[in-house]
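This report concerns only the one structure given below.
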Amino acid sequence: MSATAVHSLWTTAADPIDKIDAPKIEYGQLAPTLIVIGAAVLGVLIEAFVPRKFRYYAQLFVSVVALAAAFAAVVALAAGDYGTTKARIAAMGAIAVDGPALFLQGTILLTGLVAIFTFAERRLDPVAHGNRVDSFVAQAGAVPGSAGEQAATKAGFTTTEVFPLALFAIGGMLVFPAANDLLTLFIALEVFSLPLYLLCALARRKRLMSQEAAVKYFLLGAFASAFTLFGIALIYGYAGSVSYGTVAKVVDGTITSVDPALAGTMGNDALLLIGAAMIVMGLLFKVGAVPFHMWTPDVYQGAPTPVTGFMAAATKVAAFGALLRLLYVVLPGLRWDWRPVMIGVAVVTMLGGAIVAITQTDIKRLLAYSSIAHAGFILAGVIATTEEGISSVLFYLAAYSFVTIGAFAVVTLVRDAGGEATHLSKWAGLGRRSPLVAAVFAVFLLAFAGIPLTSGFSGKFAVFKAAADGGAGALVVVGVISSAIAAFFYIRVIVLMFFSEPKADGPTVAVPSPLTMTAIGVGVAVTLVLGVAPQYFLDLAGQAGVFVR
Amino acid sequence: MSFPLLTATAALPAVGAIVTAAVPAARRTAAKWLALLFSVATLALAVVVAVRFDPDGDRYQLTESRSWIADFGVRYELGVDGIGVALIALTALLIPFIILAGWHDADPLETKSSRWRPTQGFFALILAVEAMVIISFEATDVFLFYIFFEAMLIPMYFLIGGFGDRAHAGSDEKASAQRSYAAVKFLLYNLAGGLIMLAAVIGLYVVAGNFSLQEIAEARANGSLDMATNTERWLFLGFFFAFAVKAPLWPLHTWLPNAMGEATAPVAVLITAVVDKVGTFAMLRFCLGLFPEASKWATPAILVLALISIIYGALLAVGQRDIKRLVAYASISHFGFIILGIFAMTSQGQSGATLYMVNHGISTAALMLVAGFLISRRGSRLIADYGGVQKVAPVLAGTFLIGGLATLSLPGLAPFVSEFLVLAGTFARYPAVGIIATFGIVLAALYTLVLYQRTMTGPVKPEVASMPDLKVRELAVVAPLIALLIVLGVYPKPVTDLVNPAVEHTMSDVQKKDPKPEVEAAK
Amino acid sequence: MNTENLIALLVAAPLLGAVVLLCGGRRLDRVGHWIGTLLSALSFVIGLVLFTDMLGKGAEDRSLHQHLFSWIPVEGFQADVAFQLDQLSMTFVLLISGVGTLIHLYSIGYMEHDERRRRFFGYLNLFLAAMLLLVLADNYLLLYVGWEGVGLASYLLIGFWQHKPSAATAAKKAFLVNRVGDMGLSIAIMLMFTTFGTFAFGPVLEASEGTSEGKLTAIGLMLLLAACGKSAQVPLQSWLGDAMEGPTPVSALIHAATMVTAGVYLIVRSGAIFNGAPDAQLAVTVVGAVTLLFGAIVGCAKDDIKKALAGSTMSQIGYMILAAGLGPIGYVFAIMHLVTHGFFKAGLFLGAGSVMHGMNDEVDMRKYGGLRKYMPVTFVTFGLGYLAIIGFPGLSGFFSKDKIIEAAFAKGGTEGWILGSVALLGAAITAYYMTRVMLLTFFGEERWRHRATASPEQPSAEPAAETRGQHSEPHPHESPRSMTIPMILLAVGSVFAGGFFSIGDRFTHWLEPVTHHDHGDSPLSAATVTGATMVVLVVGVTLAWFQYGRRPVPAVAPRGSLLTRAARRDLLQDDFNHVVLVRGGEHLTRSLVYVDHTLVDGVVNGTAASVGGLSGRLRKLQNGYARSYAVSMFGGAAVLIVATLLMRAV
Amino acid sequence: MNPVNYLYLAALLFAIGASGVLIRRNAIVVFMCIELMLNACNLAFVAFSRLHGNLDGQIIAFFTMVVAAAEVVVGLAIIVSLFRSRHSASVDDASLMKL
């Protein structure tokens, strides 16, 4: 390129500008996100100024209200046809407000709300020094087992920071699937990842494992996001812009490059393909697809169970939303390049998750692998590359997230001296001890296994149907096979709970407060409703199945 | 819209299940009576259905249709033809006896905590199964059928795994281990079949765009929907595989002996006499109805498998040491006959097959339940542990013998009619197959009589010396079944009249005509 | 009133008896046997009424028909419950109900000490009902019902003393062997169904005129198989000997007089089919000929009196089958011999029963001897029966058997000669073994004295024996009247029946409308045949007398020639079955059980196991080291990128 | 000098960082390597921005720095707490959870 052009660039940039026209922000349409982020900031202030004994209630209040309000905002937007006819790109092209975005934001907010309930649960752990405690460490800074920790516990400290952290994460997740340029995508990614890293480290019991989980999650997450960022860089290099719309145009050749002069040198598909692959890789890491899944079991196991549930549910929703938008809005032109690759990923994910799960001995790890297998199923829907594919994925995500959060909520109830009894052998004969809890968990497992009359079946059917319609019949067959394999280990747990004799030193089932009860109740309700009468929600997802461009 | 009779018939036991399950732990007996009450009420409804059904009327009657999941092209469509009515009647008829026979099977052992309520669960599950079976006999929407075809597995699974008979009192650990193995095997086999069917169901949707049996059949008839030959074959195989697992057809049969061996006798009856019938029923309704060409294409292979099932099942029955496993293998042999009749594609064969489903249900129930009473007395399933029972318990022995004679389809008892129809129907089109199948009747005599001889005759074993004869409750279970066997053996006309028109329809589905007798052919 | 409505009652009466007796419970124990006897008598009376009524009519419109209801109506397959009573059926009805009633009577005394007598009579009635159904049915499928029904009854009665393993086994064996025959019958019916579209006697027999010989032969052979099973013909004869485990009246009624002759009925009834299928007929005659020798030879070797008689039954039925195989020449004589045989063989068995009754149920003839003065009635009746069966001039057997031998020659050609001479030889052997029985039982020294009757290696046959003093010297005595009267009546029958039938060919004319009859042109004159018969008869008797009359009889049978030993073992037929079928079957089933467990089940379990193993190995990858996770991510990314590029490249 | 070389340099740095992550045990070092990768990205952005002659790339670079800073805060917090409870910052020692 010529030096003069560069010179002019500098000079124009250097010229004094008499007036700056303020950026135009549609606050109304961004309300959900803004409310949540605002509440998070408020939460931080509460930590700073509210006396310790009130913080818990204040935080709980703020988060619940915020999430409820945000959800109301989403509903209002959807009612205002922002999901369909008035779908638009807001915030100077940074954020899209359209069907998928609203649907997923709604899902995330509800999941988050339920998750907050499980966060706030204080009846499960035995009362320590006369004050109820939740499942988070008294003082994150204190060394496990040290005098400091005991002091903190005695003093009744609790890490109420988890609430603002969760809110920040939710805020990021709300933006993630709505992001309409690569930079926003990256920032959103970090905004919801970093709080999650921290939340993982805050378990009250088994702190070493918790910290280890955090370290692994953090390092690998950062590693992945580095890849994503480099991918973004390459795409930027290819298209000269990070805005979805522009990149898409460049990809399918409607415009060669923002700067015609550079088309010759820069319109290089290698950049595009490698960049796309690296971004997709970052997203696949978040959804936990093979071979980027290996963090999942360790982190799910180590993190505090409420956090695990939250992660497993909400992160998947957000990440798949982003993935959908990326593939459907930015890279439809590359369909014939990425489709076969994604099919490969989907296959190994479905089979890998199902097969490895068979030999798991820890309930949380088991659920982790099952979540991997499910990621594979959802990918099958993503690959359909049809509008039906989008809506089926949306539906599946909604169905799946509630089953997951409910299942992990049940896990928090089964406890023994060492806290939650997550080893499968401990669950033997649970059905004899407390039939209700076991039955509820069985319902969730059957939903995971995709037995008819549960949401799992509706979702699986929708996704497979979309895939078959989209011409990926082979994927359906593989999906069916891996479902058969997966069925085996869900059944194994049920056998364990109902048909094997209870152990003498078996765990007890703690009676939770209404908070967790609500969480579980919502989970069961959604599971059954979406299983028996899914039509309304299918319609919802169907209407929401169009991206704005 | 008129009163939804079919929905009611299916819903009543479902309600019963919920009610029964809700009975508090202490009120065990109340739960039993409730369950019995509901099952009898269902029987009454089933009778109403049978009465309201006009054999010479439309193919599907008492139809109901509501939209359900539009996105999947799924409608809530019910309707029965003669075959469906017969099988619904069978189901509704057997369940009360099953409940009555299992009256004490689920009384909790003292070790269980008070919150564990096996009795309520047991009867609730039985009713749940009944509901699902009935609705899958009624469904004319493939998806609706599939849902309950699959969902049915769960309660069955708990029935098998949760309530094994108290046969081996000694090694409880080992017993429960075997039990859960059997239950898991049952579930995985059927689930695998079901999932493969799911793939086919989805494929069907992709091809046909909806799930309505009638619409698809019409569309195929008037050519507005033409499947590629291979597509049709693949879909057919997907469906048939699931049904063949359920039926069960050799070589997919191995779950049945375990399941029937480990489950309590009433549950075993529930499996083989009721639930498995859904498989054969579905072959008749869905395989032939949706994929006539593919059915004809696959017929030779299926006939061979059916033959193998007949002979193989019978031979293995001869080789069994365990009474219940013996009955299980006998059932495998009988299912071979049923499938043979279905795919012989003659009206005698298919009427026979349908009749066979009913008769086999009743006869196996009779034999198995008596066997259950026997086992509960001695606490062992091994044939070798018995001997000379007829000396101490003549009535038990007598009923057992009659059950056995029904199993070997003695003329005058119901199964003979159906078996001969199947054989004749098969012979008419495939003489060789018919003849080979006829060997089955000799083997049937072998395993039945050997069983009877080893258990009932000979010198009285000390362990059985003090064995009481049938109690009133038990007699109340067996006597009606035996009476029914005789009545249907002497005067099957009511059932055949019910079935014949429906069979004509299936015959027209596959566009097959009965082969003409030579003498007429000559003229 | 029109009489055909009575037909159903013929079956209904004993059926009612069976139901009442079997379901009645203990309270009927005292009167049960009378109920049974009366009902069987009732059906005999009805039979007589119908008979007289039939005699009143012209020869052609004697055939009655009663349609009860449509049994199995299916498209193209119509089976009715309908009866047909013509001269042939009539003959059987009278024989069955008549002899049946007598034997009921006899059993009252014979089973007196058995606490399960009520059930015994229930079974007997059940048998009568089934047998009458068999002969009255107007189509083959309904006949099949009766056919299996008598099989069931005989199963129950052979195994009546179920506590004896031998009895239970014998019963099972009888049923199974019969089932093999039944296979034949059902296949025959299917063939008729495919050929004629129906299996009612009328249409089938009419249509069979114009049907291809091949089809008819096939049907004929299948029917023959059925007949072999039921009538204990080679190769399915093995069950009859063991069937003697049953109480003696059962042997008399079922395994001598009636059931075992069902095969003959079937063949004669299906005459039209066989007429159209010479090959099938030949097969029938061969079977008959072989069996009559087989049975005779076996009969010579047995020391068990009932088994000896069983052998003789086999052989006599062989005669009938032979005759039936001869076609229109023989049908009538087959039936005639059947009837006369019904009389004298029943009589002989009852006699044997009476002997056993007096001898603590000892069955070994070598432990009898000189009984004539202890049980005169038995001796006389038995003697008459003996004379009748060996064909002593003037008695029944003489006429019937003689006719059959004639007919055999009349078949003409070499076949005729062979069959005829076989029949003659049979007559000789008959004379021999029957004389043997006679001598061993009623003449010679009283071998039962000074000897515990029940020798340990031969456990006493019947439980009643335990009540009467065992291991003590028996006190031979005449049986009660209830037993002797039937014997006398039967003796009368066996003396006069033959003559009565033959004079003026009554029987021939009687049956002709049904079976048709033609006199073949015999190469030998009737006189010659009769003469020859007489000669062989004398030879047989004298031989026997030399062997058993003159010399004292050893208490334990001498080793004897190879043939004798073989004959004692039913000519090794059972051993063959045992080795080939039983052993072979056991091995087959065992190996199949193994296969089912290892192979069929193994495949599935194997798959499951391998998936599990794979899982175990993949699991190892999850080694807990963050860096190795990073490696997999890095590798994954690399693969992703390369794959994407490749997609573009290709 | 051909600006494309900056891209090669960026790629090189990224590769170095990545391999560092794979090779080094010490959590801190691993983390630094990740930072290096981020900076490689920055270089790429700036280079591209220069090539395209628009400022987006450079602005993104600033964002990246902020994000990196945030990551440092969170990361160090976690790593330090791990170090304090284990007295070791080796990522290989942190392998309680496996299989």
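Letters A, B, C and D mark the chains in the order given here, with residues in each chain numbered from 1 onward.
Please note the rule applied: contacts are C-beta pairs under 8 Å (C-beta built on N, C-alpha and C of every residue); 3 or more make two chains touch, one makes a residue touch a chain.
Computed from a predicted structure; not experimentally measured.
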Middle chain, criterion being Cα centroid separation: B
A-B or A-D - the one linked by more C-beta pairs in contact: A-D
Distance from the mean Cα position of subunit D to that of subunit A, given in whole angstrom: 24
Subunit A and subunit B: spacing of chain centres that average the CA atoms, whole Å: 46
Distance between the centres, which are taken as Cα means, of subunit D and subunit B, whole angstrom: 65
Whole-Å gap between the CA centroids of subunit A and subunit C: 81
Overlap residues in subunit A, where contacts from two or more other chains coincide: 215-216, 219, 223, 227, 297-298, 488
Two or more partner chains touched - positions in subunit D: 18, 21, 30, 91, 94-98
Junction residues of subunit C, two or more chains touched: 608, 619, 622, 624, 626, 630
Every chain pair meeting the contact rule: A-B, A-C, A-D, B-C, C-D
Residues on subunit A engaged by subunit B in the complex (per definition of touch): 431-435, 446, 451-453, 457-458, 461-462, 464-465, 468-469, 473, 476-477, 480-481, 483-484, 487-488, 491-492, 495, 498-501, 533-535, 538-539, 542
Subunit A-facing residues of subunit B, complex: 67-72, 112-113, 115-117, 146-148, 150-151, 153-154, 157-158, 161-162, 172-173, 176, 179-180, 183-184, 187-188, 191-192, 195-196, 198-199, 202-203, 205-206
Interfacial residue positions of subunit C with respect to subunit A in the complex: 608, 611-612, 614-616, 618-619, 621-622, 624, 626, 628-630, 632-633, 635-637, 639-641, 643-645, 647-648
Subunit C-facing residues of subunit B, complex: 188-189, 250-251, 253-254, 312, 315-316, 318-320, 347-348, 351-352, 388, 390-391, 398, 405, 410-412, 416-417, 420-421, 423-425, 427-428, 431, 434-435, 438-439, 441-442, 445-446, 449-450, 453, 456-460, 490-493, 496-497, 500, 503-504, 514-520
Sites on subunit C touched by subunit B in the complex: 22, 69-77, 81, 141, 144-145, 147-149, 152, 155, 159, 162-165, 167-169, 172, 175-176, 179-180, 182-183, 186-187, 189-191, 193-198, 207, 210-212, 215, 585, 588-590, 592-593, 596, 600-601, 604, 608
